[in-house]
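Read through the structures below before going on.
Common to both upcoming complexes is chain A, partnered first by chain B, then by chain C.
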Partner chain A sequence: MIQVIADSLSLGSVYVLFSLGLSLSWSVLGLLNLAYGAQFMLGAYFAYLFGEHVHASLLVVLPVAVVAVAATSVIADYFVFRWLRIRAGTPVESELAMLVASIGLAAVAETIVQNATDGNSEFIPSSTYKVRTLGFGGSTLHITNIQLLMTVVAIVLTIAFAAFVKWTRFGRAMRAAAVDPATCELLGVNANRLFSVTMAISGGMAGLAGVLLGIDLTNVQFQMGDPLVTKAFAVIIIGGVGSIAGAAVGGYLLAFAETLVVVYGPSTYQDAISFALIIIVLLVRPTGLFAQRRWQRS
Partner chain B sequence: MGYFTQNEVLFQQTLVYMILAISIQVVLRCGVVSLASVGFYTLGSYAGAILSKHGWPSLVIIVVVTVVSGLVGYGFGRPLARLRGLYLAMATLAFDLVLPVLLSNGGSFTGGSLGLYGIPVTVNTGTLLAIVVVVIYAISQLERGWMGRASLALRSDEDLARSMGIRVARERYLAFAVSAGLGGLAGSLSGMLFRAVSPSTASFGVITLVLAMAIIGGRESWLGAIIGAYLVTWLPVWLGFIGLYQDLFFGLILVAVMLFFPDGLLGAIQLGVSTLRLRRKQIAT
Partner chain C sequence: MNLAVKAIEASHMLGSTKIQITYKDTQTTQAMAVSEASAAADSNTDAIFGPVLSTEAVAVAPIVESAKIPTIFTQAGGPGVVTPGGYVFRVTAPQSEYQPKMVAYLKSKGVKTVTMLFDATVPTTAGIAQTTLPPLFKTAGITIKGSYGWSEGTSDFSSYATKVAAENPDAVGVEGITTEPSPVIIALRNAGYKGIIFGGTSFQAFTLKAAGQQAKGVVWATDFDQNSTFPQTAAFVKAYEAAYGGAPLDYAAEGYDAVYLLAYGLKDVTGTFSRTALQAGLAEAAKTGFSGALGMDVFVNQDLTETGYLQTYTGSAVETVPSS
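== the complex of A and B ==
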């Protein structure tokens, strides 16, 4: 049972790390970024490249990958998403346009890595980043140090990010822009700059999740982000779009449910859980478990 | 004739995708991002395969699957009607993607994760073409008529549409029903054309493909869906020479269309034609 809890904690941390950035761009920009999985994969690919060819340590790889992937987000926003937002007549139109464009961007990024790796999955041996299995209480609990690190990072990031959005000037501007960008501009917020920074944070989180999870999974493949994107949708919907605490609770809840089904139930239904949860939550309580009054437009 | 028989399967696939692209377009035109018709496409393909294995005549299967899908789609419309924008996209995406899991757990009835194969081919290209023509005719009538104008109003301003006396909810249910029915129709056809059905029909890849068809061609008219389905299905053939970079090209096309031709290729063509006419008029006067 302790092992089940530990497994769901580390799986849940993966989901939380992955979902925070996706939830952010959805709530602030109305962008359901389907290229997020590709950005995550880029982060993991950086971990592979630097580990195998430069023999850099995690302390070097992590900031480089975070900055590089954040840069892809800013570039995508500057050249594509910004123009789609400006031109669209209604929020639904701009959401659809950005969604479709993000599919195209995902294809571009994935094809580049597919060609670089010949479509194979590249191996990151556990020796590269000194991954070890730690045992606690004899043999009751096994967890690797990278899983432990992911759990800590997920929890710290969630708290730090929630505090950032709640208490800083910039966080307040972000929340305001999520509700009404036009009024926000009238009140002296540079919405375009705000959106760029939001995209950078979102991309940086994708890069961070990619590095850590790439090392944990020990391999990198150009489509590795796709299954996680659909899981992240479930996490975001359960918690409520834009709610950071909601994403955290949703991530751990989904991971716990999945681990339970794998251990005790019909494990072939594992992938159905996230979709079933999306449908149920949207039908029963579309605002998610942690709905805030004016955070989102449902 | 040699060219045609060589590429017959691809032609058939193009025709099936045309119906599917129209089915997505019908809802998009109302300003509703629903991806549910890909799910009905998958269910329809299984229904077509199973019923035709039981020896049902193909035309009966087509009619039954289309009508049942339409009715189920109408029923779906009710609980989904209060969801907007990305939330609706999400709900319908979840509906699509839960199907492969259920179908691969369906035992011998659905053939598990391999799907069903060895299905008798009971539809030929001629019948398929005739059905596509009928669908296009019906949709073009809908577009010109009351429903087309109502959905245009709905997309540009819902409150305004309501104040003009358009029953917003009813239009949405109808669009849902038509979309689901066409999805089921396309599915039942593919079940009886291609000898095999598999749970992976309802995948992320197929959903993005169909969405791309509706968007690249243009959303304003059925002609856009036809152009889009044709282009997207044949692009891999034309781009065979660049090998693995096909998808990169596809992605760039998608982004470029969104940036420069928001009304799709059809919109671009119409714009070009009207500019030319205007110029000719200016020269004449």
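== the complex of A and C ==
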């Protein structure tokens, strides 16, 4: 059972790391960013390029990949999403236009990497980060150092991110813009700058997740982010859109349910669990487990 | 395939006749594969080299059969691809044909129990794990401790490895697509599993490279032996390495032989050329068989048949397991 819990924590950390940035862009910008999986893949691909060709260590690869993906995210916002927000007549039109555009951006990024790699899988070399198995309690518990690192990073990032959003001036501005961007601008908040920074943070988190998961999964492949996008939607819907704690709880809850199905049930139903949980949450608590309450004046 | 076209032209095997191949991307979707096959059938194309995924091939086969356009498949090893109408050929022996060699190897190593891990969303891998291997294991006196499938896109195999490590079978079979062998093997070894790991054609040097030393000693059955001394195989490997700077995979060998089947079919065409005449020529070529990159290509009912080879990974390279 201890190993099952460790496996769940490890898988849950994968989901949490992947979901935090997506949850941010969704809640603040209203952007259901289907290019997020491609951004995640770019993080892993940058790590592969620097690891394989520059022989750089994780300490170098990680910041480079985070900054590179954050930059691509800001560029995408500046040249695509910002104009769609400006031109859209209503928030719903804006969200729909950005959703469609994000599909296009994902296709562009994936095609570039597909052509660069001939569609093959690559992997981040051990010179960048040597994965080792750590044994605890004799042979009762096995976990790799990268899984342990991911779990620590996921927990620390969740706490730090929640504190940032709740207690910093910028975090408060983000929360306010998520509810009413027009009023925020009237109060002196530079919405475009806020959105760019939000996209940078979201992209940076995608890059960070890409590097760590790229090492853990041992495969860097142009479509590697696609399956995780589906899982991230489940995590965010279960936890509640816009809730950092919700994303964390949703991620670990989903991972625990999936692991239990694999270990004690019919393993092929692992994916069905995600959607069953979404349906249950939508029926019982449509706004998610940790939904944020919003007030709106009529 | 381009290498085969060049070799055929250089040898003047077809005289002044040239093979021109147009490549279409099916985008790994059944709908696109069907659309492209239908478009090719409606055009002046003489023959089709079919899509490599079984899921696409089974959808394309009835269309090309009904349009009466000769079609040669490679890789798509699932059932239902080679339809009985006569226009469909396959230059990849179904994996089911060389699994007896794998099971015999396991038996020779004293394996009494196995657990199967497989990609449940791919008909070929699911079929091998759930349909092909169980009766072979039973005949060999090997007990299946468990059989667990995952969905394509599964990223973390730790929980599967935990389950296998708890069962601790003598051997574990891993049937997946090319992105899956390394993560599964790494997860199994990290979970403390020390037994034999065996697999299918997704085990290749490039798919095991990420696992490195953790994949040392894994064994698999395949239809292509790049270390073979068979003259045509050796010549193909040499030409491929000279052209592309690396060792060929089974995909390349199968594609090479698929083009040669077409060339032999063209040679056997009698009378006025038509798709029907080409189908008759291909049927004759398949009936006769030929020496190709895969070895001696022998066809039964227009489907390549092969007893296969066993290969193992040293941690950095692929070696052929000597036949016992």
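Here is the rule we use: the second predicted complex is superposed on the first by the 289 of 298 C-alpha atoms of A that agree within 3 Å, B and C clash if a C-alpha of one lies under 4 Å from a C-alpha of the other, contacts with A are read in each partner's own complex, and residues count from 1 in each chain.
Criterion: a contact is a pair of C-beta atoms (placed from the backbone, for glycine too) under 8 Å apart; a residue touches a chain by one contact, two chains touch by 3 or more.
In this text the structure is predicted, and so the values were computed from the model without any measurement.
Chemist: For A:2, select first, second, both or neither according to whether it touches chain B, chain C, the two together, or no partner.
Modeler: Neither chain B nor chain C is touched by A:2.
Chemist: Is A:268 touching anything from chain B or chain C once the two structures are fitted on A? First, second, both or neither.
Modeler: both
Chemist: In the overlay, answer first, second, both or neither for which of chain B and chain C A:226 touches.
Modeler: In the superposed model, A:226 contacts both chain B and chain C.
Chemist: So in the superposed three-chain picture, is A:110 touching just chain B, just chain C, both, or none of them (first/second/both/neither)?
Modeler: Touch status of A:110: first partner only.
Chemist: Between chain B and chain C, point out the one touching more chain A residues.
Modeler: After superposing on chain A, more of chain A is contacted by B.
Chemist: Contacts for A:84 in the overlay, against chain B (first) and chain C (second): which applies, first, second, both or neither?
Modeler: The first partner, chain B, only.
Chemist: For A:14, using the defined touch cut-off, is the partner it touches chain B, chain C, both, or neither? Pick first, second, both or neither.
Modeler: Touch partner of A:14: chain C, not chain B.
Chemist: Taking the superposition as given, does A:54 touch the first partner, chain B, the second, chain C, both, or neither?
Modeler: A:54 contacts neither chain B nor chain C.
Chemist: So in the superposed three-chain picture, is A:99 touching just chain B, just chain C, both, or none of them (first/second/both/neither)?
Modeler: Only chain B is touched by A:99; chain C is not.
Chemist: Could you tell me which stretches of chain A are touched by chain B in one complex and by chain C in the other?
Modeler: Residues 226, 268, 271, which sit in both footprints.
Chemist: Can you name the residues of chain B that touch chain A in the complex?
Modeler: Residues of chain B touching chain A: 28, 31, 33, 79, 82-87, 89-91, 93-95, 97-98, 101-102, 104-105, 155-157, 204, 208, 211-212, 215, 244-248, 250-255, 258-259, 262.
Chemist: Show which residues of chain C lie in contact with chain A when the two form their complex.
Modeler: 120, 148-156, 158-160, 162-163, 165, 178-179, 182-183, 186, 189-192, 206-207, 209-212
Chemist: Mind listing the chain A positions that touch chain B in their complex?
Modeler: Chain A residues touching chain B: 26, 30, 32, 34, 80, 83-84, 87, 89-93, 95-97, 99-101, 103-108, 110-112, 114-115, 119, 226, 230, 233-234, 237, 266, 268-269, 271-272, 274-276, 278-279, 282-283, 286, 297-298.
Chemist: Going by the contact rule set out above, which residues of chain A touch chain C in the complex?
Modeler: Within the complex, chain A contacts chain C at residues 3-4, 7-8, 10-11, 14, 120-121, 123, 126, 131, 133, 135, 139, 142, 144, 147, 213, 216-219, 221, 224, 226-228, 258-259, 262-263, 267-268, 270-271.
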